[in-house]
């Protein structure tokens, strides 16, 4: 039997009645939204279910939406069922004041660094992560650079006087 | 539309003569006689033909450095194939590739560990100026932390470019007085980087 | 793990044969290969003396174009600066004054046009962005230098030689392919 | 006079029976920069801890400020050993979002370039495994052919390593004859060199002893760690994006997926070598298909998408409409539909994914790169546990860790 | 006292002094040009040109390197033991140079009315002397590595020490079989026995092979260069050394290579014997001095071939891993050497009992 987006959707809806929303299929990839408390349960279900078997975590990242109060940070998971070659994406939202999300490292070893990276960039606090600390940036950094309010350029830079950039 | 010309004939070639300040002859040695200058020359000649580089390769430019080492361009022709990754043994620190702020202190430490006389070559746009990475995490040119002798532009520079930079370093080395490293100006230069 | 596709092909990972276990035959073979290379023609380009010819689309240092009468083509529209991912291009526009028609092609021109060659990544986007046939990349490499200032190339360095006033330099810049 | 201590031991280190060794950030075996803090018992590794981020360059942040075409040079610098694959991957992502259909000829040309890039990447990786095991010469033999690949790139786009090749919808120009000539030369000469390279290493007992049984990982663990690409295939899983979600007309090609059995260094080496052969096969097929296009068709090098593909320069100089398009595209003012798209390509290291969220602005709202290196490098401590220091070095090089890709 | 001074053969002392000076000079010169040769050989094997800027074909390259090393700053790391730190390279160099004392470089020269032997000391325990001195070489590595106070160096020192000690065993055992045949430990004698062109390599191919492998290990050359494996240990024991101390280490390696080639040529390949020529009759026909010169040249040619072989292997094969190296040494080479010994002994016994085969 070929696994299709519809089957996945049906199975998910059946298992998590009324708790999932915004099912879409942009460019053929099933994506939906879930409450953040459920992320681990959904993942576990997707992983274990005989039919679904989304056992490969392709990607995990976050997006910052400063204009959505209470739902500023979205954490996006991309999962892949290698056997039937189906990909799905789901996202959970959390507020920026208390960005606590359950970790999925127990399920996917790959999530370890991805979550660290997400923490490093966005400050998402993954509860239960074995080693949640900065990965790419220096440990002393006191902000989360990929949030929209932080500038790209280094503000402490003194050399931007332009002689160096040919604008003097 | 085809290009109007093939070459730019007005490039700014490095002028070693104008750049004598890097290689300054020590003042205050009035009695410097024939022998001392000749010694300088000979030592300069030796050093210049035996520059052992320390390739501090971090990213893309490192791959072009590989190409420079390989058969087609063969840096060994200049007597420089003995790559050392131990700073003690090398004369030329080639900083090849992006230096992030996290990496900065390490570059400096490597520089400090090198034995005098040492030279620094910033290879590629990132090492020289930050290149396209004008971002919070990238050092905008390694000359903020260590003195640089030669900049090689390009992202990454072609092997020809790296060789060209290498020859500029050779020019510098060949002209340098043996006593430069004891001179006042050199101490000042080091002092400006907080190096004693 | 069951196969996901029908295209899998297991790489040959045979156990060592007795001869291979003896080290010497395979090493001897390898040494034969390396010895053979001693007599091979060397591909080395002795750089400063010999130079490789670059492809006609090579991305080297930029040039600013002039038209056939030697007038500058750039109108300082700023597209190249916008397109530059490294933000290496700076320009300042000026209005052409009467009497300068033989200097500048259009009414507006770049009074200052600077490219910071240390920032430049030679991606060629400026050449692509130019709507006025004014900025091109050339087959020349930027020479390395001792200080940062010398890498800011202004109009003096970038403009191609005047085809009428400096015909020799112009011919040199044009160069003949295959020469 | 102050007393001279030979070695100052930290507190409690006398009782400690292991040594801590800092491998990196500037160690010859870490190609690029990352740090491994190894806990050694003699030569045997008890545990390893990786630190990365030494060349973190904030690609994702920079990408939020750049119009789409300016992101191409950024992708070059992800996995710089095979930048064209990243370029094409990025263009494919944009094309998916912008709904641009590329003509077959463009697809095939792309495939030629991508497979060349794969060869050059595997070649660097495998020859560097050789270098790290102490045999430098094979590296220089194959490097000469990487040089030839670079010359092909140079004919196509004008630069060697960071190619910035291709545009949304196609290439910036048609391939020149010189490019095809060099490609033919490559096809003719490379197999012999690859064979020679295999002769130098594949059955050499010293090399086999060094690589067999070290740094191994089973398929389940590999999948759990998010391995993709040659490293996953060496563990025996035949997952390949080119086959699973074909892009750029990969479905038209016949090639095998080399898989290993144990996922150790030797398998990785063999899988990469075999993939080079497969790539050569694909290039052969693609080139044959490209040659079938005749006349006007042989001039097609981009999709018919005036909104996104820069008009011909001659038109820009002469036609008003073209000039307007030109300005709009360069200024980044063409319409970009909002939406989110995930597109992955089989990068030389594995599944290179682009997760692109557009809000309709000129730059991506968020662009995330799924960097295969970054994801599987976390398995390094598991791979090296209990092996020798020398194995750790080889494992590192046979994983093909590219710092630029890892740190983004 | 007086009589002792008078009775001393001053001619002999001067002769030996000159010889020592020449041989040290020559070995240094050869070592210097070995570095050049290595770079050139590597380059040619790798399709490159190699150094060619310093002088014609780059022949002044070693001079430039030497002068540069001399004019570099000496760094003694803060936490190192200064005395040992300096001792290390000195010891390495010293032992490397000392070995050349017992190598017979050629026959005799007639000059100043004297019959001058081209060997510094024809001691009757030449081979033992070599073993004694060579085994001291390991101290250079060990002391240097330990004194540097660097973990990489320390690891390298341990690797180097255990490797050299293990391979010395196999080396010694492989020679015993040969010594059973020669019946002497004197290098000079051994060469004399081979003068008729029947080189010992023909009788002891396995012994030679083991010796060759061990020589590679003793010289720290690839595939046994574990103690300086640059991709693992980053030059290992001499990592912390700069300037001429580093030069000494590098030099010692090349001198070692030169000397072990000389030893191999001497005991297995007939030393200074000119192949396919009956040396004694040639000497009678053309004069002893010409013969001696040709012999020296021939000897150097043999050494040159070995040195080239060393380099050739260096640029071809990968490196062993530490445990595999030990396994090869203890589980393969030593049993083989013992087997070789037994077989040789057996055959010698048979021959002594007039068995003909």
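Quick notes on this structure:
By letter and in written order, the chains are A, B, C, D and E; residue numbering begins at 1 in each of them.
Everything below uses one rule, namely that contacts are C-beta pairs under 8 Å (C-beta built on N, C-alpha and C of every residue); 3 or more make two chains touch, one makes a residue touch a chain.
Treat the numbers as computed from the prediction; the structure is a model and nothing was measured.
Chains making contact with chain B as well as with chain D: A, C, E.
Interface comparison, B-E versus C-E: the higher count of C-beta contacts falls to B-E.
Among the other chains, A has the CA centre that is most remote from the centre of chain B. Among the other chains, E has the CA centre that is most remote from the centre of chain C.
Among the chains in view, D has its Cα centre nearest the centre of the complete protein Cα set. Centre-to-centre separation of chain A and chain D, using mean CA positions: 24 Å. With centres defined as mean CA coordinates, chain C is found 40 Å away from chain A.
Computed centre separation for the pair chain D/chain E is 46 angstrom, with centres defined by C-alpha atoms. Shown for chain D are the residues that touch two or more other chains, namely 27-28, 53, 56, 58, 61-62, 73-74, 137, 140-141, 144, 147, 162, 200, 204, 206, 237, 239, 244, 313, 317, 407. Counting partner chains per residue, chain E shows two or more touched chains at residues 42, 45-49, 230, 234, 315-317. Of all residues in chain B, those that touch two or more other chains are 1, 70-72, 74, 77, 85, 102, 129, 132, 134-138, 141, 155, 158.
Of all residues in chain E, only 44-49, 312-313, 315-317 touch chain C in the complex they form. Residue ranges of chain B in contact with chain D, taken from their complex: 1, 56-60, 62-64, 66-67, 70-72, 83, 85, 97-100, 102-103, 106, 110, 132-138, 155-156, 158.
Against chain B, in their complex, chain C makes its touches with residues 42-48, 51-52, 56, 60-63, 65-66, 85-87, 116-123, 133, 136-148, 150-151, 153, 156-161, 169-170, 172-175, 177. Of all residues in chain B, only 1, 3-14, 16, 19, 22, 71-74, 77, 125, 128-132, 134, 141, 143, 149-155, 157-161, 163-165, 167-168, 172 touch chain C in the complex they form.
In the complex of the two chains, the chain E residues touching chain D come out as 42, 45-48, 79-82, 149, 151-152, 155, 159, 222-223, 225, 229-232, 234, 315-324.
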